[in-house]
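Per-chain residue numbering starts at 1, and chain names A, B, C and D are given in the order in which the chains are listed.
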Amino acid sequence: MKANRMEAFSDGVLAIIITIMVLEFKVPEEHNWHALIELGPKILSYIFSFVYVGIYWNNHHHLLHMIRSMNGRLMWLNLILLFWLSLVPFTTAWMGESNFAPAPTALYGIILLLAATSYWLLQLSILRQHPDDSTFYRLMSKDLKAKMSPILYLIAIGSAYVSPWLSGFFFVLVAAIWVMPEKRIEDLVRN
Amino acid sequence: MKANRMEAFSDGVLAIIITIMVLEFKVPEEHNWHALIELGPKILSYIFSFVYVGIYWNNHHHLLHMIRSMNGRLMWLNLILLFWLSLVPFTTAWMGESNFAPAPTALYGIILLLAATSYWLLQLSILRQHPDDSTFYRLMSKDLKAKMSPILYLIAIGSAYVSPWLSGFFFVLVAAIWVMPEKRIEDLVRN
Amino acid sequence: MKANRMEAFSDGVLAIIITIMVLEFKVPEEHNWHALIELGPKILSYIFSFVYVGIYWNNHHHLLHMIRSMNGRLMWLNLILLFWLSLVPFTTAWMGESNFAPAPTALYGIILLLAATSYWLLQLSILRQHPDDSTFYRLMSKDLKAKMSPILYLIAIGSAYVSPWLSGFFFVLVAAIWVMPEKRIEDLVRN
Amino acid sequence: MKANRMEAFSDGVLAIIITIMVLEFKVPEEHNWHALIELGPKILSYIFSFVYVGIYWNNHHHLLHMIRSMNGRLMWLNLILLFWLSLVPFTTAWMGESNFAPAPTALYGIILLLAATSYWLLQLSILRQHPDDSTFYRLMSKDLKAKMSPILYLIAIGSAYVSPWLSGFFFVLVAAIWVMPEKRIEDLVRN
C-alpha cells in the first residue's frame, strides 16, 4: 500500500514538473510571429523535456508496480530520481535560452544521465525482490534501452562541444528508443 | 486500471494548467482601479482559457471512461493533447498582454485547434474499441460539437487579422456550444 | 462517482492555489531582518489567504459529500467557485504589495464575496437534492456563517476606504467565525 | 476516511512545495560553467530543502495513518504545519541568494523549527487517541529524533551569526538523523 502512495506522490511531482516548465517561456514583448520564431530554441527544448518526462512517467509507473515490499531504501532512491527530474525545468530553460550553447546543453545531458542512473538503481533494488527466473527479471536483464541510454547520453554530452545539432540528434535518439516498443529496438540492433 | 492512472495524471496536469495561468498576471505597480482596468484584456483572456480548460477537463473525463484496454498509442495521444493544453497559459498571457493583437490571437486559436485535433484523434482511437452499433459509437458519429469546433477555430484564427472582437466572438461561440447540453445544439442547428 | 472526481480536481486546484501564493513573495535584495519587516504586509496578506483557502478546502469537502447525483449545473457552479478562488493569489499579492491600499483591499474583499456567493449557489443546488426535513437541510437553513459572511465582506470592502485596519479586522472576523465550531457562534449571536 | 483526504491534500501541497522551489533558480544570463558555479549556494540550499520536504512527506504519511478519528483540531494543526512548510521555497531562495548570510540562514532555521514544533503538536494530538501502553505511544515517547531536532535547530539558528558553515553543519545533522533508521541513532547516542 505504501508503494501505492509513493506512486501517487511521484505522479504529482511529475505532473507539476511537466506543467511548470511552460512558466519559463517569458511572454515576448513584441506581438508578431517574428517574436515567436525567436522563441524557437526554447520551444524545441520544451518539447524534448515534455517527451522525456512523459516517458519517465510511463515507465516509472510500470516499475513501481513491480514493488513487492516497500522500504526506506526504495523511498530514497525514488526521491533521488525525482530530485534530478525536478531540475529538468531549469536545465530546459537554460539550454533553450542559450540557443543550445555547449555548457547548458552538456548540463541538460548530465541531469538526464543522473536521472537515468537513479532510475537504473531503483530498478536494481526492485529487481532484488524478484526471483532470477521471473519474467520481470528476464525482461530487465536484456533491457537494451536501459543499457543504451547512458552511453547515448554520454555521447550527447560530449557532442555539445562539437555541435548543438549533433547533441540534439542524440537526445532525440534516446527519446525515440524509449517511445518505440521494445521489440522493434531489438530488431533494429540485430539487423 | 492503467486508464485510471492516466486519468489521474491528466487531471493533475489540467488542475495545474488552470491554476498557474494566474501567475501570468503581474501585480500592477499602481494601486488604484485604473491599474485593474488596464489588466482588462489579460483578465478576459484568462476567463476564456479557464472556461476552455474546464470544458476539456469535463469532456476528457467522460472520454477516458470509455477506454476498454490501454495501450501505448492512447497514452501518447493523450500526452500530445496535454502538450498543446500545457501551452495555453503561455498563449493566454501573450494574447492578453498584446491586447488581442493579430499574431497572439491567431496563435491562441492555433493551439486550441491543435488541442481539439489531438482530442479528436484520441476519441477516434477509443472509438475503435467499441462496436459500430454501441451507444457511444452512435453518440460520437453525430457529435456536432467536435465537427463544428475546428471550423470555428479556423474562422477565429483568420478573423484575428480582421478584428480581435470578431475573433473573440468565435472563441466565445466554441466555448458556448461545449457548455450547452448536446440536445440544444442539435435543435439550434436543425432550426 | 463523478462527484468524487470533482472533489479530487477541486482539491488539486485548492492545493495549488494555497501553495503558489508563496511565489508572489519576491526574495528581498537585502539580506537582513529589516528587509523581512518590509515584507510584513505581504506576509499578513498571505496568512489571511492561507486561512481562507484552508477554510474553503475544509467546508467544500463536506459540501461535496452531500451531492446525491452529479449534473452539469453542479460542475459549472463548482468551476465558477474555483475561478474566483484562483484569483486569490493575485489579489493577495496586490493587497500585500500595496500595503493594504484602498483599491487592492476592496478588490480582495470583492473576490472573497464573489467566491462566497458562488459557494452559496453551489450549496443551494445541492440542497435541492435533499428533502426539506433532512438534517442537512435544517443545518443549512440556519447556517449563520453563510448569512453573516457576505454582510461582513461588504462592510470590509467599504471599510477599505476608511482604514485598512478596519478592513483587516472584518476579514479576520469572517475567518474567525468559520474557524470556530458552529455551536459557539450561535451562542455568541444569542447572547 | 476524512484522514485519508487530509493525507491526499497534504501530499498534494508537499509535492507542489518540493517542485516549485526550482522556479526560484533564475536562468543564468551567461551560458558557461562559471555561471553554474555561481549558482552553487542556491543549489546547496535547494538540496537541503528537497531532503527536508522529502523527510516530512515520509514521516507525515506514517503519522497520519495513526489517526483514529478526525476532528477540527487535527485539521488545523495540519494546516499550520503546511503553512510553515509552504514558506520553505521562500526561505530556501533567500538563504541561497544571500550566500548563507546570517539573517536568511537564521530565518531558514526558524521556519524549520516552527514546522517541527507544529509537527510535534500534531503528533501529540494524535497520540491522545492511543492508549498509554500501545506500541505507537511507546515509540513516540522515546522518539529521540523529535526531541533532538528542536535543540539542533536552535543551535543552527544561533550559529548563523558565527559561521554559515557551522549553521549548515547542523542543518545537515538534523537531516541525517531523520534519514537514518531510528535504531542506529539510539546506538549512536548510547555509545
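Definition applied: contacts are C-beta pairs under 8 Å (C-beta built on N, C-alpha and C of every residue); 3 or more make two chains touch, one makes a residue touch a chain.
Chain identities (UniProt): A, B, C, D = TMEM175 family protein.
None of these values were measured; they are calculated from a predicted model.
Listed by label, the chains touching chain A and chain B alike form an empty list.
Mostly differing positions are employed by chain A and chain D in their mutual contact, as under half of the interface residue numbers are shared between these two copies.
The greatest centre-to-centre gap from chain C, using C-alpha centroids, is found for A.
Averaged Cα coordinates give chain A a centre that lies 39 Å from the centre of chain C.
Computed from the mean C-alpha positions, the centre of chain B lies at a distance of 28 Å from the centre of chain C. Residues of chain A in contact with at least two other chains: 8, 12, 16, 20, 23. Taken as a contact graph, with one node per protein chain and an edge wherever two chains touch, the assembly forms a single closed ring in which every chain touches exactly two others.
Interface note: chains touch in the pairs A-B, A-D, B-C, C-D. Of all the residues in chain D, the ones that touch chain C in their complex are 2, 5, 8-9, 12-13, 16-17, 20, 23-24, 72, 75-76, 79, 82-83, 86-87, 89-90, 93-94, 97-98, 101-104, 107.
Contacts from chain D toward chain A in the complex involve residues 8, 11-12, 14-16, 18-23, 25, 27-28, 31-33, 35-36, 47, 50, 54, 57-58, 61, 179, 181.
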